[in-house]
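Heads up, the next two complexes both have chain A, just with different partners, chain B and then chain C.
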Partner chain A sequence: MKTMQILSGAALAALLGSTAMAQTELTMWYHGAGNQVEADIINQIIADFNASQSDWAVRIESFPQIAYNDSVVAAALAGNLPDILDVDGPVMPNWAWAGYMQPLPLDAAVIADFLPGTKGYWDGQLYSIGLWDAAVALVTRQSTLDALGLRRPTLDAPWTGDEFMAALDAAKASGDYEYAFDAGMAWTGEWYPYAFSPFLQSFGGDIVDRTTYATAEGALNGEAAMAFGEWWQGLFANGYAPGTSQDPAARDNGFIEGRYAFSWNGNWAALGALNTFEDTLFLPAPDFGNGPVIGAASWQFGVSATSAHPDGAAAFIEFALQDEYLAAFSNGIGLIPATATAAAMTENYAPGGPMAVFFDLTAAQALVRPVTPGYVVQAKVFEKALADIANGADVADALDAAVDEINTDITRNGGYGH
Partner chain B sequence: MATINPDNHGLRLILRYTVLTLIAVIFVFPLVFMVMSSLKPDQQLLADTSSLRAFLPVGDISLNNYVAAFDRAPVGLFVMNSVIVTGVTVVLSLLVCSLAAFSFVFLNWRGRGVILSVILATLIVPFETIAIPLLLIASKLPWIGAEGVTIGWLNSYRVQIVPFIADGLTIFLFVQYFKDLPGELIEAARVEGASWPQIYRRIVMPLAGPVIATAAILKFLVMYNQYLWPLMVVQQESYRPVMVGLQYFFQLNRAWGEIMAYLSLITVPVLAFYLFLQRAFIASIASTGVKG
Partner chain C sequence: MATKLTQSNGAGWAFALPGFGLMVVFIILPFFFAFALSFTNQRLISPNPTAYVGAANYRQLLGVGTITLDPLRDDAGAVQRAADGSPAYPRLREFTRANPDYPQLDGMREWFSFGRGESRTFVLARDVVFMKAIVNTVIFVLVVAPLQGALALGLALLINQRLRGINLFRAIYFMPVVVSIVVVSLLWRFIYSADGGLLNNMLTGLSFGLFTPVDWLGTPSTALGSIIAMSIWQAVGFHMVIWLSGLQTISPTLYEAASIEGATKWQTFRYVTWPGLRNTAVLVLIVITMQAFALFAQIDVMTKGGPLDSTQTIVFQAVDRGYGKQDISGGSAISVILFCIVLTISLIQRYLTRERT
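So, the complex of A and B:
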């Protein structure tokens, strides 16, 4: 009997082995190493996909997020890219332009209901698609609004710039807070353009002129940008917000410790606030005259330019776009599902859920960062300019210098293909 | 109040040791902070940073951060990879660079001065400037292994080892040290009929303990702290070293306790290497019988 079991097992193993042999291997790189919850979900999707058909077998290699982009660029130089890549939304145009990625052969109908920020288009073609998006809100408490005598802004009637500053004045005058506003200056890097360029856009400026993508002149140093710069500097010069020397620990815990009345923060940090204060509110961005704006686009999946199996890679990506997986990512790591139907399946983003407002904010206010290969440079220039202004640099000089640097980079790269 | 004078030897001794102890404490503080923080939950860790409690094992102390660090990343694998890469590179580097220096100092061949100058000139070239050309070369090099001939060295130990075996600084250290060795020893050995390999193995290297220790320490630190190069050439987790592994802990919400636990763990090989070399250094001085 035991011999029969062993023989049966061997036969089954051989059968499974031959099935596996028939599958063409697709390699995939992912940025989530070190995040066990994320790894469990992506591994489950891969296991489900591999078991669902006999043509393709996806094998994943995970990278720590901080090292991911550099690893991909180095691998591209060495001709060692995988079939499937994940890419940060604003970086995608650069990788597409540089020849690291190829258009994603996905039927438009499949992603028709996806949030706009999850769709990665470059040069008129879809290159990447995200299973989730991220959003930023003005975090505060109802009790704070009540104590300061402030109206609660809504999506339809957000605070104007004047109302926002009046709120900061009230919080500052109350003496109850170390600072009225926590912009999150301790978070450097992509946080700056992601979180702060929407303020600039709400003033009417931008990082670069999006009509041509050939210059930042006028967009980043015009009247609107100057007004934004003066306002931005005033936040720190007038003691409304902690500046670039903010302690990272204060950024992480300052709001829940009651040190800040208002905090500009993302949906990924929302649960911490909700768990601390039952009356936590996530308010829409203020309108500084050109409409309220928040950033959009998070990590997305695409196909590498060197993949010999774009059809297989696309098949996997389409498989991963199922609502159950979008909901799993949302429940696991707090991200905003890409579709309303997936949001309805989640704990936090379902209608009436504690974080449903983020889905509405994304749908109503989100604007993707400049869709240009030059963004990777422009983001760093913008970050430096904003830090300099926050530290007291002359606004006009800082913005002019940023414009010069961005324009020089655009010229050096032949206009980046626009 | 007592004054310091030649007759007040005891007081001077106390003062000297007080100053030395203070300096030692200052140098040890970061390590103590790291280890103590690795035992605390994040909130307590951050709260303690503003007081001396940061250096004391007080409050909610546990090994939870270590358990979490092992759950988050294959710490043992990363340490093993770094120890393999660093250990092999240090040994091969000492061998190759000492042989090169021996040749420059003791052998008489045309052009050695020029070539040594060229090698020394490489000291002013930052690695970042040659990283990409090196990457392109490494990605196209052939290798003969169990799978036959393959092209490309990426995702291997050898790609992390071979480019760093020979370097200008290590050769320079050996050259300087060899130049100061008593020439009479070498001449006597030649007169006695010793070959150059025998002189290298039996006379020069046994006298080179201090420079071996110095070069080994410097090389060890450089290799153990490698980040950029392995980031570029290793895409598979199975070959990742500790410094790339450190990035596993820098998520959006940073787990500082786990970071401190990971740092404490990866510091162990460094401390062990220092202790080992400290003994080797003393032994080498004692065994040579040559006084400087």
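So, the complex of A and C:
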């Protein structure tokens, strides 16, 4: 009996010893299935990390972006979350609040130089960090500005709301364009709050009152929001912009086909425009009175709540934050690198590079979407309100309805933990 | 009640078990879940505990109220008029937003209104979108059920002939059924597109340029009609096949007898074919009605309920709330309401089409 115990104890010790020698496996989920360039970069980072130390071995599983969030929710309900999660910036508070994620144990010095939009804070703690950010600009051509006799706006002196509308008037009056302005109404979903809520914020409103996150009353239906709504409706009612039934193909190609004078579009579409027109300009957002604003935060990395090895997960994330990898992602799929030093290493975002302006835009104008677990619902409510207003709904009623729906949702969720 | 079904029928039950078991697990159990969840505040994602809330979800969905308002008058007592000459009324938001005199209207929105004399009665709903979804779904069913059934019968009669190459036509008519509804919806989005879509181009060509292109899916007045037309076309082949199977069960001797008696084509149809199709007709009608109530994929792909809620439907709302807005309890309540509606209508149809002895 005694010998049995000693023997089994020895066997156990040998077993433990051997696993301690090998690397502990960390699982990671990523949203970019189907994009070969993206997969190559992330696989390279993982291979480098696994070879660089002997404690951890990261294994990746990729999902198509459209199914990614559902997969995470299903896995969380089933208790099957991986160690390292990839999360869309504005969704992170929802997952952190729901207990899917744990704070990311990362030294503050590591991310000190990162663009603000890449850092995912919830409840005062860092939960996620992005290797890149995304930005939106008013895309046009120098020749268009010249032909219409318009001043070229700069970061220091962006167009005012009146100047912007005067520019649209000039473009419309010229008769050279099908529409003066392409807002991108064909891109339903997250594009609406990401791209259009900055207009609302520039007017002085917001999706929800960010001081308390307890109500949208006043923020989304106050005077500023009403002014925004009237302006927004006017874009479509007065024929400046194509409405919600815009053809997705027209959205993708309308600007380079010369059908639109100005296009509100992201850095991911910038290369296409630059390759077509050498004089393509990426102008800062107009200032409607409360400062020029664009959206921020893209996909980020974090640690799942059920991970037994947050230190290992954090070690991998810190490893991935090296400038060379930020630059690799930027060169590969056109994203804005998270640090200025990485930007300097890229083809497009280096100072003087063709898309460097996006880095400056993000640094100067970016504002993250409301940092609240309720954002997931608020984004959908906001999208519907904007679509309805564009289609001619009464502005006050549409915004009131949105406020009521958001407030009901906040109440039903016990204030979302704010 | 000892019947053949329960006595010494082990093999029968064993054969039924795989299908029956799957139905229990994926249809019957989830229904009871939905029923239970609709009385709670269950969320898709939440750290908060689930609590029983009674009928609050149903009150939120189905609450309605009315208010009758007199038009605004200026200092002289004359009725103020809007730009188009209609009388101007006070804004409803003055009554529905935190007005202590009208607590029962708080948070409601205008659904529709009607006027009597100068005053006007506004019908308000707590959830206008859901009310519109119910109305749209009912319209969809009322149009699709008779039209699709009749069209399918017409096609079935056409292809129920012995002609060379008739199988080719059968295949062509049946083809849209085989293609995924998502693909069909995407294709029809292109057909309906205002931006050089096929339908607008065809109508412009046929009318020698007189026709003004219409934004079919982007205009509230045409969006639902466009989806109805496309839905009828897509599923008509399926019901055609059911009619066809019904037609082929009718004995040829009856037709021979009819022709010997000198019956006209119409008389043959009226007194031989139609009575022979009785059970098929009941089946087709019930199947179309149920499928029509479940309208979802076309909406999700083509309009997402817009423009201005003109294509909201019950199932689309259930999914949009349950998953999109993470409100599982609200989505469940919608499912239960839909179940009650469909059950009621099926029972009425059963009663109306019962065998009269």
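The definition used in the following text is that the second predicted complex is superposed on the first by the 397 of 418 C-alpha atoms of A that agree within 3 Å, B and C clash if a C-alpha of one lies under 4 Å from a C-alpha of the other, contacts with A are read in each partner's own complex, and residues count from 1 in each chain.
Keep this in mind: a residue touches a chain if its C-beta (ideal position, glycine included) is under 8 Å from a C-beta of that chain, and two chains touch if they have at least 3 such contacts.
This one's a predicted model, so the numbers in the text were calculated from it and none came from an experiment.
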{"item": "Combined model on chain A: chain C and chain B, fit or clash", "value": "clash"}
{"item": "Partner chain in contact with A:A214 - chain B first, chain C second, else both or neither", "value": "neither"}
{"item": "Partner chain(s) touched by A:A166 [first = chain B, second = chain C, both, neither]", "value": "neither"}
{"item": "Touched partner set for A:D397, first chain B, second chain C, both or neither", "value": "second"}
{"item": "Partner chain in contact with A:L274 - chain B first, chain C second, else both or neither", "value": "neither"}
{"item": "Touch count on chain A, higher of chain B and chain C", "value": "C"}
{"item": "Which superposed partner A:A78 touches (first chain B, second chain C, both, neither)", "value": "first"}
{"item": "Partner chain(s) touched by A:N94 [first = chain B, second = chain C, both, neither]", "value": "second"}
{"item": "Those residues of chain A which chain B touches in one complex and chain C touches in the other", "value": "70, 249"}
{"item": "Chain A contact footprint on chain B (complex, rising order)", "value": "43, 46, 49, 71-73, 132, 135-136, 138-139, 152, 154, 231-233, 235-237, 244-245, 247-254"}
{"item": "Chain C residues touching chain A - in the complex, by the definition given at the top", "value": "41, 43-48, 60, 91-93, 96-97, 107, 109-110, 128, 193-195, 215, 217-218, 220, 304, 306-309, 320, 323-327"}
{"item": "Residue ranges of chain A in contact with chain C within the complex", "value": "70, 73, 76, 94-95, 97-100, 188, 243-247, 249-250, 376-377, 380-381, 387-388, 391-393, 396-397, 400-401, 404, 408-409, 412-414, 417"}
{"item": "Touching residues on chain A, where the partner in the complex is chain B", "value": "29, 33-36, 61-67, 70-71, 74-75, 77-80, 248-249, 252-253, 268-269"}
